[in-house]
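What follows are several structures.
What follows is a pair of complexes built around chain A, which joins chain B in one and chain C in the other.
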Partner chain A sequence: MSKGQGRKQAILGLIMVSPSFLLLLIVVVLPIAQSFVVSLREESGGIGLGRYAYLFEDKGMRDNLIFTLRITLVSCALVLAVSYAMALYMRFSDGRLVDWIRRTYMIPLFIPGVIATYGLMNLLGNHGWLSRFLLVFGIELPRIIFDQKGIIIANLWFNIPFATMLLSSAMAGIPASVIESARDVGAGKLAIFFRVIFPLSFKTFLVALTFVFMGVIGSFTAPFLLGPNAPQMLGVSMEQIFGVFREREQAAALAFFTFLLCSALGYFYIRSMAQEEASRS
Partner chain B sequence: MIRVKKGLTAVSAMTLSLAVLAGCGANNDNTNDASSPSASPSASQSASAPASGEPVEFQFYFTGSQNVKDLWDTLIPMFEKENSNVKVKPVYIPSGTGAQPTYDRILAAKQAGKGSGDIDLYEDGVNYVTLGGKDDVWQTLDASAIPNLSNIDPKTMQDVTNLAVPYRSSAVVLAYNSEKVTNPPTTLDGLLDWIKANPEKFAYNDPSTGGAGSSFVSTVLYKDLPEDAIHDSDPAIMQQWDSGFNTLKDLGKYVYGKGIYPKKNQGTLDLLQNGEVDMITAWSDMVLQQQNEGLLSKSIKMQQITPGFNGGPTYLMVNKLSDKKDAVYQFLNFVLSPEAQAVIVDKMNGFPGIELSRMSQEMQDKFKGVSEGFRTFNLGDLGTEINKRWQSDVAAQ
Partner chain C sequence: MGWYFRAVGTRRIVEFLLLTAFVAFFAGPLLNLAVLAFSGQWSYPDLLPHQWSLKWWSFVLSKDDIAKSIGLSFLIAAIVTALSIVICIPAAYAFARIRFPLKRFFLFSFLLTHAFPKMGLYVSIAVLFYRLGLMNTLLGVVLIHMINVLMFMTWIPTAAFRNVHAAQEESARDVGATPFRVFRSITLPMAMPGILVASVFTFLNSLDEAQGTFLVGIPDYKTMPIVMYSIISDFPSSAGAVFSIILTAPTILLLLAAQRLVSADVMASGFQVK
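For the complex of A and B:
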């Protein structure tokens, strides 16, 4: 390849990348930078990290952070466990039941969030359908709505379909021949899973984890309607600080901090991608 | 949130420029007309000269639930029938989607030196009256331009320094299930005792998400304070809230779910309807309307207490930079007339904005004892401080 041709290709590449890069710059990078600048304005007028210190010093705020992280981690673990199991089942089983699951598991994606949330409230509330049904058998339902359990259940509803979709496409990409040859050399079911299936779908697993994590940590509707008054999830708290208390700077600090939490996960994701690229070349 | 707001500002900026473009288009049409033999005045002239026979059209932005839209859909034709020289162009912004952006548009137009931004009249609660007072965007109103302004209780006008017209109001009341509660409390102390005697049977909503809850909170906070304090927005008074907040903290273990405060005014109404609680604080107009629609059972009754809960007027504000003020005043004068007020009472289940003694005897009888006793809290920015402290002291105790 001549030098001139290489340069031409490089320029073409840059041109093709620039629209998405510009979009990213305008709708993501600049607002984040702006939020960061806003968040540095101290209440007393100077510039500093006081707004961030408040996130950890204020007891209510600290509780919100811990609460959000706990909900997010629990939701991620549950969503991925259920989705992974479902994707595996759909990949390696056949029959009428699997067909039905395949056809229906995406339905929650098409139901608007607010409607689903109200549905959950009616179903799981203290005088909801489920508790009325269980009362017949003398079982009393613990409090689900206005509690963290409600938020986690809503997160499962919202995130399982998408995560399952991602994971089952990864499963579909694992060639049957690989599994069969592993079986031929005498690998057991567990060994096939841990030595073949999981490594081959790990990348998609990370993608799914990233999506679920970001979706849950920034969620608003479900925690607003289903969650307790305190502690709050960060999205709810952010809305309250911004919309009700009208403290733009504090809300910006919280938003930027949430972004940092997400980018920590993003870092691991990108690092694992880069490692894979490196090992391939 | 910031990002969303930026987006909205961008969208409203785009809408603005589109409106400007549309305006150009209209002007062009008019010049075409002017070149024809029957020369008519250009659009801009006709706007400032109603005498020429062309009606002046002004833009009226309002927000709220469907009932507010129904109200104006009735009132505006009534007004236009009697006043052929003025046309009202209503712009309805569904509740929760647009109040802030509309206000931002008014302010942005002012800051950019673009006049009224085509928003001549605006309807909203007291927060925006205060906010606009600070930003100096509302016109000061007086009875020489709007004669019917004298129908309003002068004290209410003083609360907003004549920057807005309180054209209707509703009050927060106790709503209770009359099948379970036969003898509802009529005083605040009585209510507090009732809550303790009937644990988990009372609920009020998170005060930052709706007026019914916030009214209960401020009524308790100002329980032992002097009567005038509810018109005081001086931050010095915040120290005197302590005992009130202690009462609220203490109540935490007696309210629904031992400290659950549902979101929004509707949140508690739902709990009352499905029987989880027997008594809540609620807006009178929401209760009446939902009973009319069959969403709330007829066994729900209402009771005002003494000292009364907050009653809040809804205000109409005139954009200071509007060039159609005379037309707007004409409309406001109509809204404050007893006939228009009677429609407001019918449609909104609210209380009239003008003094009850100016209404028909029939109306006076209807509201006897119900519309009395509520108080208008005007705490300015202190409302935000209450919410903040409630969140940290009461919710997160």
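For the complex of A and C:
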């Protein structure tokens, strides 16, 4: 390739990426930067961290924060445990039932969040379907909807298929020969999992963790529709501060604070992707 | 019973029970809505409605704002899909085939759309849109829908273009095809499945988007999920169930049509580098 042609390619490439990159600047980078600037505006008119101090000083806000973190951690642990088990199971089992699940488990990914939430509300609610079924056996259903249990269950519903999808595509990338040779040298099932499968799918595991964590912490629909009135998840509280109380500066501060909460994971996610790409090319 | 369990094997039975629980967990809520939508009277604690009816269908369809929201949702989803194809596919081709400076930086910059919690990002955008006067405008709603799709709409097609063997393009060029011709009759058709999956996913994503629209589109841009929010609080559950089916129908239809193309591998390429 001649030098002139190389430069022509470089310009062409830059032109082709620039529209989407520009859009990215407008809808992601710019809003984040300016929400930080806005959040520094104090109620008194000066500049300072007062809006952030409020997040910790206000009892209600503090409860919301702890509530959100607890739900996020519990959801992440449950989602990843079930998804890992499902991905492993789908990789190493055969049979009609498994085939059938393999073909259908991704459907919830495409179901609108509002609908799934509404379905769960009807199914698990006070006089819902599940309580009617359990009544036949004389069991009384505990309160699930308008409670943190409901939010966690909805999180499982939304996130398990997604995490399973990522993990099972990682499992598919592990060559059968590697597992067989481990088996040949006498490794047991547990040893194969911890020495071979887990290390080889660890990166995807972390990617899945990142997505689930951010998905739950930034969720709105499920906690809005089936969560308790107080304490609230941060997503609901943010919407309220912005839409109902119209305190844009406070909403911006809360938004930026959630970015900080997730920044370690976000950084890790981008870095590991970049490493992967570097080792590939 | 004991002999039966031993004959089949306890393991297989536990396996079967666990899988059934898994399936019931995911199918239950949807099945419940399907039953509700066709129920006339269903009093507690009956397991099934004792009267089936279509009356909620005519009720829902006769509401003006509901019919309007369906049209609006499809319009927005179509605009979002078309725009993101125009914007993202050239970028995807460039990432897969063209050498240019800072390529990796540009490729990974798209990760930013998924590196922040959604509601926080939406609120930040709403604060910005408020200043720019984009609140309650079509442009504002379309832009907020595009955030979610920007990454996989670029990455899935990038992976698809990369999977087209350069040798095939070269041999076409050897027999005298122009670069454009090569793209149109070799590269594009071979990358088409990936592009289609990304487009279908984009369309559905836009149809389903609720939280961002709720923040910036109120009160004029009430898409289907937004109307659903108010139906849930204002109407009996059967009405909500009917509207749920209307909202989910396009998803099911598009999925059935694209069924052969949607695989974990293709989808996963939209969220991580493989």
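Note that the second predicted complex is superposed on the first by the 243 of 281 C-alpha atoms of A that agree within 3 Å, B and C clash if a C-alpha of one lies under 4 Å from a C-alpha of the other, contacts with A are read in each partner's own complex, and residues count from 1 in each chain.
The working rule: a contact is a pair of C-beta atoms (placed from the backbone, for glycine too) under 8 Å apart; a residue touches a chain by one contact, two chains touch by 3 or more.
Keep in mind the model is a prediction, meaning the values are calculated, not measured.
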Next on the checklist: Touch test for A:77: chain B only (first), chain C only (second), both, or neither?
Outcome noted: neither
Checklist entry - Does the superposition put A:143 against chain B (first), chain C (second), both, or neither? => result first
Checklist entry - Residues of chain A touched: more by chain B or chain C? => result C
Checklist entry - If you stack the two complexes on chain A, which partner ends up touching A:59: first (chain B), second (chain C), both, or neither? => result first
Checklist entry - Which partner does A:264 reach: the first (chain B), the second (chain C), both, or neither? => result neither
Next on the checklist: On the A-aligned overlay, A:225 touches which partner chain: chain B = first, chain C = second, or both, or neither?
Outcome noted: both
Checklist entry - If you stack the two complexes on chain A, which partner ends up touching A:20: first (chain B), second (chain C), both, or neither? => result second
Checklist entry - In the superposed arrangement, which partner chain does A:111 touch: chain B (first), chain C (second), both, or neither? => result second
Checklist entry - A:248 contacts which: chain B (first), chain C (second), both, neither? => result both
Next on the checklist: One more residue to check, A:35. First (chain B), second (chain C), both or neither?
Outcome noted: both
Checklist entry - Residues on chain A in contact with chain B in one complex and with chain C in the other? => result 27, 31, 34-35, 38, 127, 224-225, 238-239, 242-243, 248, 251-252, 255
Checklist outcome for this item: In the complex, chain C touches chain A at residues 16, 19, 22-23, 25-26, 28-30, 32-33, 35-36, 44-47, 86-88, 90-91, 93-95, 98-101, 103-104, 106-121, 123-128, 130-131, 143-144, 146-147, 150, 154, 201, 204, 207-208, 210-211, 214-215, 218, 224-225, 228-229, 232, 237, 240-241, 244, 247-248, 251, 255, 262, 264-265, 267-268, 271-274
Item to check | Touching residues (chain side chain A, partner chain B) in the complex | outcome: 27, 31, 34-35, 38, 58-60, 63, 125-127, 143, 146, 224-225, 228-231, 238-240, 242-246, 248, 251-252, 255
Checklist entry - In their complex, what parts of chain B are in touch with chain A? => result 1-3, 6, 206, 208, 257, 259-263, 274-276, 384, 387-388, 391-392, 395-396
Checklist outcome for this item: So, in the complex, the side of chain A touching chain C is made of residues 6, 9-14, 16-17, 19-21, 23-24, 26-32, 34-35, 38, 86, 97-98, 101, 105-116, 118-123, 127-133, 135-136, 156-157, 161, 165-166, 168-170, 172-173, 204, 207, 211, 214-215, 217-221, 224-225, 234-235, 238-239, 242-243, 248, 251-252, 254-256, 258-259, 261-262, 266-267, 269-270, 273-274, 276-278, 280
